[in-house]
Amino acid sequence: MNGHDTLFAQLSTLGASVTLLFGVVLLWRRSLGAYIEAFRWQSLVLSAVFALVGYYGHDHELYIVAVALLALKVFIIPWYLKRLYQRVGGEREAQPYVNIATSLIVAGLLVMLAYAITRPLVMVSKLPTRGGIPLAVGLIFVGLFVIVSRRKALTQIVGFLVLENGIALLAALCTYGIHLIIELGVFLDVLMGFLVMQVIVYHIRNTFESIDVEQLNQLKH
Amino acid sequence: MMTLFIMMISAYAAGALGALLIGRGALGRGVAALGACCGSAAGLTLGMSAITSGRTFTLASARVMPVAGLMARLDGLSAFFLIIIGLLGLAVALYGYGYSASYERRYSLRMLGAMLNALLLSLSVQVVADNALTFLISWELMSLSAYWLVLTEHDWADAVRAGVWYIAMTHSGFAALVAMFLLMSGGDLTTSFAGMRANAAALSPAARNAVFLLALFGFGSKAGIVPLHVWLPMAHPVAPSHVSALMSGVVIKMGIYGLVRVALDLLGGGPVWWGGVVLGVGAISALLGVLYALMEHDLKRLLAYHSVENIGIILIGIGAGMIFQSYGLMPLAALGFIGRLYHTINHATFKGLLFLGAGSVLHATHTRNMEKMGGLIKRMPVTALCFLIGAAAISALPPLNGFASEWIVFQSLLGGFNIPKPEVAMMMPIAVGMLALTGGLAVARFVKAFGVTFLAIPRSQEAEHAHEAPLPMRAGMALLALACMALGLAPFAVVPMMGRMLAGLGELPDTRADFTLGLFLAAPNGLPNGFARMPPTLVAAGLLILLCLTPLVMLLLRANRKLRVSDSWGCGRIGQTPRMEYTATAFAEPLRRVFAELYRPTKELTIDFHPESKYFVQSVEYRSEITPWFEKYLYDPGLWFIRLLAAVVRRLQSGSLSAYLVYGAVALLILLLIARM
Amino acid sequence: MTGYLLEIGQALLALLLAPGLVGFIRWLKARLQGRRGAKPWQPYYDLRKLLGKEVVMSKNASWLFRFAPYVIFATAVAVTLLVPLVAAPLPFDAVGDLLVVVYLLLLGTFFLALAGLDPGTSFGGMGASREVTVAAIAEPTIALAIFGLAVGAGSTNLGRIVAQTLSNPGAVINPGHLLGFTALFIVMIAETGRLPVDNPSTHLELTMIHEAMILEYSGRYLALIEWAAALKLLIFFSLLSNLFLPWGVATTLTPGALGVSVVALVVKLAALAVIVALLETRIAKLRLFRVPELLGVSFVLALLSVTSSFLLR
Amino acid sequence: MTFLFLLFPSLIAAALAAAIRRYRSLVGWVNALLSLIALGAAVKFADHAARGGGASVFGPGELLRADGLSALMMVCVAAVASLALFLSPGFGRESQYSPSQLRRYQFFINLFIFSMLLTVSANNVGVMWIAIEATTIFSAMLIPLTLTKPSVEASWKYILICSVGIALAFAGTVLGYFDFVSLSGRAENALNWPVLLASAPSLHPEVMKLAFVFLLVGYGTKAGIAPMHTWLPDAHSEAPTPLSAMMSGVLLAVALYAVLRWKVVVDATLGDGYTNKLLIALGLLSLVVASFSIVLSRNYKRMLAYSSIEHTGLMCIGLALGPLGVFAAMLHLVNHTAAKSMTFLLAGRVLHRYHTTQIKGVSGLLKTMPGTAGMLAAGLLATIGLPPFGLFISEFALIRAGFATGHPWLMGAVLILLAVAFVAIIGHLNRMLYGTPPEGVAVGEKGGRSLALLSLNVAVLVTLGLALPAPVETLLNQIVRIVSR
């Protein structure tokens, strides 16, 4: 493994860890604005990772992906989120199901779990980027945890987006990205999904006078 | 053969379709009845010709079913049950034509006619089925058509409730049967019964036991053995009476058919304890059935409980037979099975007859409560006579058919002392005792049933203005009444046939149990020849002669022949009202006290006195109820448990989104960890 | 041919003896109780009186009420044709075995009970209800007793049983036999409505069973029923005596043997009558709801007898 | 070429609905008719496959592919789609929806249909994933057609749970692909089925195991496999009737199709022991959850939804029981599609008449709307597996497969659970059919057209129950060959 690759490996791992870090940060913050910011930074790093992989992996398609990602997740979606946040009123994530301290611990555990689970991948892989794979899976878990443990519709959306980021990161690190068309298709889905979600959040807002998902418990049994 | 078979099938099908198309009106009923009649007649002839010729026929094998073909084969056993179906079908169809007239514009005659034919059709196919698939499909169709028939009078709640109970029990039985056949056929349901016989021999003992127990459960739930009988007293009363006759006479017998077919034919007998279990179940069913029947004042429920008893009696015989078989006492085994099959057809006739009679009473008085009846013998003499014959037959009184079959079973049980193991042999006298007790109680019950219903003074307006049943109904009853007598008087014609029919099943020999000459059984290990003899024909003849002689004797003794009709003696009181009569409850009281341990009756006596002085009683109210404790101690806990589980599972769907997501996440993590293991 | 004649002969004999037997017991009881009592042949007079009287029938009663007495009488007579009174084996052995005998009597009971219900009086109903109750509970004992006997003889055929016992007299004293006898004796008491089960000489509604049923009967019908009841008593007596102690029963149809057997029969009947009479003077009537216990005892005895005959075989 | 006829009609329909500003019943008619074209195309594929023809591919990078399995799914989807479209609101004068709602409805439902058809005809796993995600999005837009609290709640739960699930599925896809890449480098159309399958045997078992877990949980969420089924009762009971018919009838099947496709690949890597274990476990869990939930369910639409879960579980188990099982499961899928789409549409009629989804609120159905009652009874009896309907045969075959492959205990459990569901459903059914109708409920049957259409389903069910048509059988056998190679 030559120096060129080691650098790549270190950089990619660094990128991955930073991405994960922002996921954890997100767990730590309370206000929706902070959530959105954290997500934004995370997406920024993520697109950087894509560019990185594209550069070292000599895959120029990935630049396009990186740009698309930048546009989508750093500008468009956060902008929408902000607007949504202003429209539906900024309710803080006052009391999540799991309090901050515990959340952070759980996040740590999840990452360790991710390490445990992804060992075979790291084993079999010869890619320089394999070091980041556990982190990516960890990010997926963290994203899941955010969705589970937060009780505002908006925060759940953000959690979902973080999950998406984790998967994108996984894709970048494992496979240097899938085909361009598919990647773009995926982004399109993400965008549409996000838009639909926000529409429904408006609905929730209009019908329930709040976006606290606590009250979404009429349908049971 | 083939043509007869086709005729039978097509007649039933035509009847069903006709009923569906035409529906109400005399024409619709007529078509339905006609189809049923032709079909059952064809079936009857088919069975007769098959049984007399003593040969077996392969009837149909066509690739009709998706998963496999239908296969039909007619051997002695099938032929015998075809006869039962045909006989009862005929009577029921006749009767039903008249009976269902009262349903015009109240309930769907379409459904009634179609389903009646469908039921008969599925029954007939059932008994000739020659592979598991055919058997199971016809079984399910039978259950289903019976289900719709039970639901005919669906605008009262307990009909619907009964329907649900019925379908629940029978369907769980069906599940057991599916499992059983799959075990026996090694997964392929299209293997013919011949193939299964071969498989069964190869099965491991454990598998064979599993098959047997599954069969006992599956068929038992249909036959209504205790404690799987709960649906029976619910479903039979609410069904239209001719349908109840069919269900009680034939449908539950399919359980017996299946049990014999599987345990005796396919498995070819088993260890002693199989027989023991069957015997025990039979004894319990018989006793409990009769005891609960005693306490019933709903005429049809009484009969329904009685069906439980008779299934029990039949199972006692089968169990004994199986025990003998497993000890290699083949002639005795054959005798037991003969007695049972004989009792099966007898029960079909007299139980059918009684249900039809009850139907006529219901038709005339619009009530099933015996306490509201009475004096009907004057208003509906034909029905009364038929019912009397049925009651006498069912109480095993000579010279009717009930006695004949009872006699054989007694004889076969007497053979019990040939069993080497005393502890096993002791089961026989106990069974005899049980049998005798049920017999005696049966007499008690039918004295009550007939006496309270038909004799003395009418207890209500309805009974006062009762009217005789229309001709078709009377015809149906008369047919079965004649059958009762014929079967009772001519066992020497019936029994050898059955011997020939059973020959070969589970290596049973061809037993020549010839009544007029006594039972000469080819005797292994010290079974005396000429075991006993009983020609019912002669007994009947003798009774008849004596009956005629007695008046003559009276003449000779110059007895006074004057007769004066006047009030019955009321201890000096003038004028007798129905309220002075002995009620059904009172009639059953002594026996209820005797068996109080079992009934656990709840009593409450409320007397309210006159306000002025406590020496004047204004009213006395006595209420006593019997808790049927299978529902209470067996089913309620089961249902409770299911509800509990349901409540637990229900809590999963708590409505909390986060909880839902947690399920998913946890599932993911667990599976991932498993994957890493 | 002689066989058939003999059959008829013994039937007639039974018919003749039966009322006498009843009368004898009554007379004996009276004497034992220190009364003079009616003559033993009083029942014959009663029968003639009844035959002479007109029938008064309830207006509620149906044809069944008039039909029943004939059935009851016929069944009783039919049974006398089957039971070996004086000789065994008889040609009619081929017609009926022990089971037939029992069930024929049951047929009689069936109609008697129905007839009791027919007039719609509470007495009749009460009697019928009690009668069938007793009959039902007595049934298993009878069946088991038969079973025991049949196991011994290898057949339920009466003639065969008698012959069997005659052939090896030792069997008489084996426990199974004795237990069976006791059981059947108790049943006999119940079936024939003697004390302590039923009191044939009372008309208190609290106590009576048989009498309550036939309360509505009069004239020739009553005569038939009474006669049948007497026959039933005689039948049970002779069954007890001839099945368990068959000595004297003629196995060859020579006049001498027959003569002996007739004498033997009369002696045995008298003996049993004495026993019954003594019993009835000693004990009081049981409460109705204690009767099942008595019969339960008899059932246990019968079961024991069968068991022992199984184990001793 | 046929692919265009399969996919474009729904796109055109959507465009039409979007283009025509004010909804007219004409649009509904045209779209319904358009759906028939797609159905025709699907049938053509099925026919081609039934004649033993190989898979046909189309598009750049062999984007689309139709073999026997896809063809069967196409037919199911297209058939239910046109049924739903023909029974959609907005044909007659009066309708409970406003024109704008109807427009939105037409637009999204056609996109929904399109994405389902795309899912089953996609050759590329990535494309398939995108299409499935799209189904979620479009259907989620349809659920809160009328903004009631329950519908909004249902849609939120639906979209969130399913999006998360599908995202996980994507992670699985990536993992599967990753191993492929790390072995044979990046290749063009590497994500196409044939290529994946070809290279599968050489992939790393460990990785594929992980991948399959992600895929099973992911697509399983959409297929309503317990414990990811939780969105299903809500969405199915709150969606507009035709949509719930489609969701229950085909959407679950489509998701299951995705699982099945991947199962084939993973089996090629690790042999079928592993996937079968997982499928049986989750399938059994679904059966338990569903059948016991039915016992106490008070709402007939939810009851139907639970029974859908039950049947999905059954199919999962079937897919894990070897060739016989796959045959049975596929047959069951077809039967269930027919039965469930019908029962949901009928439930819609009942709801429209009684204005309640509570079982105890509905009584005397036989008196008020005999036709509907009869067909509902038929549908439910079919659903619980009574003859002469198809599900009897398929369940039967399934049990048989279980015994043949030596799972007697499993089958015992399945039989018991089926019996529980059976009793529960028949009890609920009787409660609705009989008794006296509540006041203010109109008596008399209306809308014979839709009943006539639905009777087609009954016809299908009975046909499949009495005799398996030769083409269907060959098609199924071909599928068996595809799945258990």
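Each chain carries a letter (A, B, C and D) given by its place in the written order, and its residues are counted from 1.
Keep in mind that, in the parts below, a residue touches a chain if its C-beta (ideal position, glycine included) is under 8 Å from a C-beta of that chain, and two chains touch if they have at least 3 such contacts.
Keep in mind that what you see is a predicted model, and the values were worked out from it rather than measured.
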Central subunit by CA centre of mass proxy: B
Top chain pair, ranked by number of contacting C-beta pairs: B-C
Whole-Å gap separating chain A and chain B, where each centre is the average of the chain's CA atoms: 70
Geometric centre distance via CA averages, chain D-chain C, whole Å: 79
Between chain D and chain A, distance of the C-alpha-averaged centres to the nearest whole Å: 31
Distance between chain centroids, defined by C-alpha means - chain A, chain C (Å): 100
Sequence positions of chain B contacting 2 or more other chains: 650, 653, 657, 661, 668, 672, 676
Two or more partner chains touched - positions in chain A: 117, 120, 144, 147, 156, 213, 216-219, 221
Where chain C touches two or more other chains at once, by residue number: none
Set of all touching chain pairs, with the criterion as stated earlier: A-B, A-D, B-C, B-D
Contacting residues of chain C [partner chain B, same complex]: 51-64, 70-71, 73-75, 77-78, 81, 93-97, 99-100, 103-104, 106-107, 109-110, 113-114, 117-126, 128-130, 132-133, 135-140, 142-144, 147, 150-151, 154-157, 215-216, 219-220, 223-224, 288-289, 292, 299, 303, 306-307, 310-311, 313
Complex contact set, residues of chain B against chain D: 64-67, 136-137, 140-141, 144, 151, 154-155, 157, 160, 163-164, 167-168, 171-172, 175-176, 178-179, 182-183, 186-189, 642-643, 645-650, 652-653, 657, 659-661, 663-664, 666-668, 671-672, 674-676
Chain B-facing residues of chain D, complex: 156-157, 160-161, 164-165, 168, 206, 209-210, 212-214, 216-217, 221, 227-228, 230-231, 233, 278, 288-289, 292-293, 295-296, 366, 386-388, 392-393, 396-397, 399-401, 403-404, 408, 411-412, 415-416, 418-420, 422-423, 426-427, 430, 433-436, 464-468, 473
Chain B to chain C touching residues, read off their complex: 374-375, 377-378, 388, 392, 395-398, 403, 407, 410-411, 413-414, 417, 422, 425-426, 429-430, 432-437, 439-441, 443-444, 446-448, 450-452, 455-457, 518, 528, 530-535, 538-539, 542-543, 546-547, 549-551, 554, 557-570, 576, 578, 580-582, 586-591, 593-594
Residues of chain B defined as touching chain A within the complex: 650, 653-658, 661-662, 665, 668-669, 672-673, 676
